[in-house]
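Next up: the structures, one after another.
Two complexes are shown next, each including chain A; its partner changes from chain B in the first to chain C in the second.
Right after this comes the complex of A and B.
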């Protein structure tokens, strides 16, 4: 495995706020990563640190083996699409796409043109006159057509409707298949992107609390439901992530079950059902479900 | 894809279904991992895992530089495998539901016989 990012004991403090708190992890080459977590968990700060836009308080960051800060040979291989990118006054999307190849050596103008037509983006309208969704489309097009070896999307689709988001996912997957690269996607819409991800990083209160293969993570929890007494006795010696009860019925979310566990659950009349990545993360980051935006 | 089982398992089952149903004939090429990934909107690594399950089972084999092909005799092997799982997957749940409803195994046998006779009559 080639690591494109290696982070060791990285911290970033703003006053006495620990936005990123002593994290260490690596990012493997040519995988699609999900960087997930609640608002203010530290996602954006982490991406700003990795792209050399913030200075670390302590710890080391290596991107393509070097520090990204003020380092042109690293920065030309990165693309960072931010939620609220600002553009020069009077800029039009066409100006963005004309200047993009100056910054991104792998820019594919033909691919950009196709994406512009997919998203029906008016390229000659002033950027400040664009709708929120159209503005997001500008960022998504830059992020895809730049084909940067390491691409960050930070909540790239504010205001994009369901159809436009699907176009984004489809184009990302098609182009990634043809031109493998490392993608780090930060989003609240976990259910929508869950199957695109190969690896998941979950950040909570500045710390990486999950760093795992997406398929393994999906299999790492199960919901057990049935008669409350049976559920209670089945989960007694297990770690329970979540529990709820209606009358005599109960459900409990527990960790990985062995085949023997599954047989035992079946024999006890319990139903087993999988836990989606989104449910799992909501349960682990331990807070009210309505805090996570539901996918539209 | 449904959330029920691991996605790579579902991909493997989908390919098996197509071989079983004759859509993918033996010794024909199956779509590439990337084609599966874009079609099902899943990560190519996940699609690759599904294909590899079938390679390990000897259902698919790799022709270097060309792609994946359906192995000779694979349809027969899939039928064999499905027969082995038939009891656990279909009969056990049926018996357990029948038991909850107070239908005895012999009553169940009668229901099955009558139901299949009606189906035959309709053909």
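Right after this comes the complex of A and C.
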């Protein structure tokens, strides 16, 4: 495994706010990563740090083995598409696509042209006059057609409808298969991208709380449901992520189950069902908050 | 069957340092309407208005031999506009260029290069217009819009130098204001304004209290137009170098 990104004890403070708090992780080459977390969890700050746009308060960042800050040899292999990207006054999408190849050495103009027609993007309309979804399409097209060895998408599809989002996922997967590269995708729509992701990083209050292979993560939790008494006795010695109860029936989300556990659950008349990535992350980041509330 | 040169699979080599800087300069040129269209259109309108007004004056009475220099400062607009362009370019293209994986260093050098090229282009155009103005005796109506009494006495190269230098001074000042804005937003510009005002008042007070206005006047006279321009250029260059270090720690904000 070649590490494209190596982050060690990285922190970023804005005044008293710990946007990123003592974070360490690595990113392997040619995989699709999901960087997930709630609003203001530190996703954008982390990406800005990795792309040299922000300066770290402490810790080290190595991208392709070197610090990305003011390092042209690293930066020209990166592409960072963010939701809030600003464009020069009076620019039209056409200007963006003619200037992009000057900065992204792997730019594929044919691919860009195809994406423009896929997204039905009006290239001669002023950027200020584009709809929110069209503006997002500009970023998505740059991010895909630049074919940067390390591409960041930060909430890339605000305002894009379901069809356009599906085009994005399809084109990303197609092109990724032909031209393998590392993609880090931050999003709220976890279930939508769940199939796309190979590895998941979950950030909460500036800390990485999950850094796991996506398949392993999906298997790491199961929902147990059945008679409340049976559920209670089954989960007694386990870590419970979430629990709910309606009358005599209960469901509980628990950690990884062994084959023996599964047999035992079946014998106790309990039903087991997988937990979606979204539910799992909601439970984990939500429960962290409950603990804070309890301790407060 | 003809052999087709196959470029497939060759990866474009990464751009060199010079190429990267040039690419940023090209980025600054990609919006010609803002940097060439608007200023010349406005200049053209100003010119036409002046021409009409001076034509009225010329037809109303006999031109007076003692009128002297009639430079009315209208072309000063162009210089101020350069400052505005520089500030706008900074605030708009900086977050964009960083989004395109450009380093702050390459951005600043490329932008400076673009402004230097603009200064030379505009300077050459203004020099040319000042000669046309002379040959046509003030566009036929005694209008002095591009040349000044100070300029018309100088040789071609000195004229060009003064124009280019003054344009550069405005660009560089605009760039420094732009970097301050990009780094510290509006608060930074207010602080900069206050600092400049304090410095100006301080210098005026110093000159007044030490009764050295004569010396100041003497310096201006002895340095001449070229000398004063050169000093301004030197100061602006110092500011531009400061601007570079301000930008090196700036982050693109929304």
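In this text, the second predicted complex is superposed on the first by the 286 of 296 C-alpha atoms of A that agree within 3 Å, B and C clash if a C-alpha of one lies under 4 Å from a C-alpha of the other, contacts with A are read in each partner's own complex, and residues count from 1 in each chain.
The rule we apply is simple: contacts are C-beta pairs under 8 Å (C-beta built on N, C-alpha and C of every residue); 3 or more make two chains touch, one makes a residue touch a chain.
Bear in mind that the values here come from a model prediction, so they are computed numbers and not experimental data.
**Q** Overlaying on chain A: chain B and chain C, fit or clash?
**A** With chain A as the common anchor, chain B and chain C both fit in the superposed model.
**Q** Between chain B and chain C, whom does A:72 touch in the aligned arrangement: first, second, both, or neither?
**A** The answer is second: A:72 touches chain C but not chain B.
**Q** Should A:124 be classified as contacting the first partner (chain B), the second (chain C), both, or neither?
**A** Once the two structures are laid over each other on A, A:124 reaches no partner at all.
**Q** Is A:196 in contact with chain B, with chain C, with both, or with neither (first, second, both, neither)?
**A** first
**Q** What is the contact status of A:214 with respect to chain B (first) and chain C (second): first, second, both, or neither?
**A** A:214: touches chain B, not chain C.
**Q** So in the superposed three-chain picture, is A:99 touching just chain B, just chain C, both, or none of them (first/second/both/neither)?
**A** second
**Q** After superposition on the shared chain, which partner residues are touched by A:258: those of chain B (first), chain C (second), both, or neither?
**A** neither
**Q** Going by the touch definition up top, name the partner, chain B or chain C, that contacts more of chain A.
**A** C
**Q** Taking the superposition as given, does A:177 touch the first partner, chain B, the second, chain C, both, or neither?
**A** first
**Q** Compute the least Cα distance separating chain B from chain C in the superposition and give it as a whole number of Å.
**A** Nearest C-alpha atoms of the two chains are 19 Å apart.
**Q** Could you list which residues of chain A make contact with chain B in one structure and with chain C in the other?
**A** In chain A, nothing is touched by chain B and also by chain C.
**Q** For the complex, which residues does chain A have touching chain C?
**A** 48, 51-55, 70-73, 75-76, 78-82, 84-91, 95, 98-100, 102-106, 148
**Q** Applying the document's contact rule, which stretches of chain B touch chain A when the two form their complex?
**A** Residues 1, 3-8, 34, 37-38, 40-46, 49.
**Q** Going by the contact rule at the top, pick out the chain C residues touching chain A in the complex.
**A** 11-15, 17, 20, 23, 26-27, 30-31, 33-34, 88-89, 92-93, 95-106, 248-249, 251-252, 254
**Q** Mind listing the chain A positions that touch chain B in their complex?
**A** 31-32, 169-170, 173-174, 176-178, 195-198, 214-215, 218-219, 273-274, 276
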